[in-house]
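Below you'll find a set of structures to go through.
Below are two complexes that have chain A in common, paired first with chain B and then with chain C.
And then the complex of A and B:
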């Protein structure tokens, strides 16, 4: 199940196009939420590549987003222009992600989740305690946006453009022999080896590319919120990203788009519940996963199959 | 642990060479060693006069080798087409991969019909053909195929063997391990008898089939051979 058909690409492009015309009818807060959706989606696409396509369990993605965000904020504070900070954040996250991949050569599944969880905690502690570099719990404020994209609507369009570029790149990657190798790795590493897949290299690549996308998301997150401190990049965010991927449908190209939408919108819809909103949020997520354990796209595929039609995702493999 | 010791043979071009031997003789180990999945302590593997010892599977595929392991090697959750595409991961280019997948599907119309079906819905024989077609994506000159008949009904075994013969006509060399010694030797050009990690006999398939020592090497093989004679 590669789930990277032309239709899922078309659907994702439609979502991005829709998001780019929505600002006309939205309040500033809506524009902020939409930008956040774009940023979360980029990060979730990264995790979906590592987890959904290459099958490597990772709770390290919050740390990669954090690394990207801090890299952008710190370099930006020294006057480095945004394109350069974006590149630096991407490369730094790629390099760190490659290193985080090494444990995955030895441990898999739950054990790998623990190792990557420890990494996220480690990065969080560094961000909090190394105040000379990161500003500690006070964080970094007044993060500038690129001059041409300073207004909320313009910045939203920039985030959407980034999401568009990431979507096209990942779609191309998944349909290339590289993407097939990731899927072979997820399905059965031993069989993948007999097909000439360098299991070691692709495991590391799965982490590095997933991490680089996390870094890109971080680079766009910092100027969006304009103030960062360590807590958004703690373990909770890793689990939130994991939830986006799983709810959307792990291993589906379109999954992160839907998962991130739910992660951004559901708390807003439940806002009227005030203090108990988190309990209901949890309940909603649990119910969603009980009804569709393979995610929203897994459910839609099942329903289509039941109606006798071929699964939409596979119409042109 | 040393498994192979004194194992040495040649594989003829555009011919089917079958390796037979009792369980534990080191047949599958030989294949894994050739394909770079197991380290060699001593000895070498030559391909077209070039030393390919210690190369990775990826490098060997690039040099025209392909390996189809024993048992079920498909990815059951993926579609037939996706399975074949996985044979192209070593190619590196998406366009080349897709073109060759179409070639493979042309060769096996039964797979073309089911290109979008989940691979687990194929019959056992079709699954074997799927593995062979996947191996062909790299345009191999030598195919290593380990016990293609395992778990297949006699009719399907004949189908798989016929496919291998077709590939031989196209100029591909086949090195095959078979438990199903008699029917494998009947369609082979050359044969190798392996026992205890050593090559015992090497010769034409016809000679090996007729050799009384072969019958003695395999416990119970004598009866089987006498039966059908």
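And then the complex of A and C:
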């Protein structure tokens, strides 16, 4: 029972520290990719909380990131300072996530996947069609970064600081009674209920907190790319986030860090394949899942267990 | 006005019938092997491309159709089951679901790499006939007729033949089926082959209307999922009713509703059904384990 053990926290801190010194040797594009990794990781940590720890299937996370990104871009355009837009994006995503959690009280598994999928598609349609608010397919350009963090390197450090804060907060959350309630929800909801866990409240919380992290990721994404339009927040991104979580290892604290790393780097490495690189990316994902269905961390755990090393990073109640 | 609506109804039923075929295959896979095939929509695209590819290579149409079916049976039936579903099934819904999504992406991008991003025409039946003030396309009649015959045949097969009953038993309770001496593994394989045949038929029927394009699978898949859920996930009859209802509603919404929100119709329907009638139109309410 050491899913969020000190070791996995230390490993994640090491990764963040490594990422913060890398810019010295990187090209601008590398710095951008690293920032993107930090943003994706935050979003994937959110999904991992909802899916990996609380066991609630969600294809809605792209929508939460989109809501955060548009909230930041729109408020920023009206001169609202970044800390305030960040807060607004987080709260808005939290509220929407709470509402999206309601279907999860009635249905589970693939039904929930379809409902959240439908929600993502609806949000995408609204972003695309309500041009008076969102700029439609033309999107919103010239999104300002906070003045103190205008250069790519400085903005990367800001993203990494956010990732650090999120990691520490989630690590704490998972060790708190809340985190244990989430895991109880995943492992055996009936037993959780009989032990006095308010299943209804924790299901909604699992969605809301996961969504809030998506909103935070969106709030950092918009100033990073400085131009947003609806298509990055469509269903494909939800699926991509899901792949990150599952490939890294759903329910492992470190999972999203690894999954996001692969999701950012693998397409870059495969870019020499030009037109067919996406097909090969998909095949690589399938192969990876065939070799380790419980994700990379699940595989490493299995290998460690075979060698008699210390197993059980994942929470097994 | 009335005749316009009847026209819409016929076209909607024809589209809906193809959704029903795809949704039926989807439901069958779910029933017999707990596989939620997120790539089902892209499964429709592959045989369509195979057929026009073979046809373009000089094979006469009937042979090209047969070739498309054989390719679908091998790739989407046997290989899908043996290489992807079998190794992953024991790890639960999620890894397999993601692998299926990735397979869908691979199919899309693969066909795009081979055939490019244009939309190809697909052979269809020309002409039509007058029915009162209405002009009915032979193609619509063919689609509706073929889909209904296929679905009726499938129902007969499942209900009346020994193999069909064995398949149903496998779907309802694999363990008991195995104890009763039913070759469960063969039945599951048969379901995958049946699904491959259904998507091939759907490809032949729907492709003339929407043209063959690498990314068709997304919207077809979504409509089929919706049809399956609206109809009740655990019933073949339900998938048919759901498909027809969805096809008709989509067509009417496209004519009378705002065009930008056309894609929202199945989504809203889906959310409404899951929230208020999760057992679907024809499904029986099952007690949730949770």
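Criterion: the second predicted complex is superposed on the first by the 310 of 317 C-alpha atoms of A that agree within 3 Å, B and C clash if a C-alpha of one lies under 4 Å from a C-alpha of the other, contacts with A are read in each partner's own complex, and residues count from 1 in each chain.
The rule is simple: contacts are C-beta pairs under 8 Å (C-beta built on N, C-alpha and C of every residue); 3 or more make two chains touch, one makes a residue touch a chain.
In this text, all values refer to a predicted model and were calculated from it rather than measured experimentally.
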Overlay on chain A: chain C relative to chain B, clash or fit: fit
First (chain B), second (chain C), both or neither touched by A:208: neither
First, second, both or neither for A:31, with chain B first and chain C second: neither
Chain C versus chain B, contacts on chain A by residue: C
After the two structures are overlaid on chain A, angle v-u-w for chain B, chain A, chain C in degrees (C-alpha centres, nearest 10): 90
Which of chain B and chain C A:156 touches, first, second, both or neither: neither
Partner chain(s) touched by A:286 [first = chain B, second = chain C, both, neither]: second
Which of chain B and chain C A:140 touches, first, second, both or neither: neither
Partner chain(s) touched by A:39 [first = chain B, second = chain C, both, neither]: neither
Minimal inter-chain CA distance - chain C and chain B, angstrom: 14
Residues of chain A contacting chain B in one complex and chain C in the other: none
Chain A to chain C touching residues, read off their complex: 51, 57, 102-103, 106-111, 113-115, 117-119, 121-122, 125, 128-129, 189-190, 239, 242-243, 246, 250, 275-276, 278-279, 281-283, 285-286, 289-290, 293-294
Contact set on chain A toward chain B in their complex: 1-2, 175-178, 180-181, 183-184, 187-188, 191-198, 310, 314, 317
Contact footprint of chain A on chain C as seen in their complex: 30, 36, 84, 87-88, 91, 93-95, 97-99, 101-106, 108-110, 112-113, 222, 225-226, 229, 233, 260-261, 263-264, 266-268, 270-271, 274-275, 278, 288, 290
Residues of chain B touching chain A in the complex: 35, 37, 56-58, 60-61, 67-69, 73, 75, 77-79, 81-82, 85-94, 97, 115-116, 134, 138
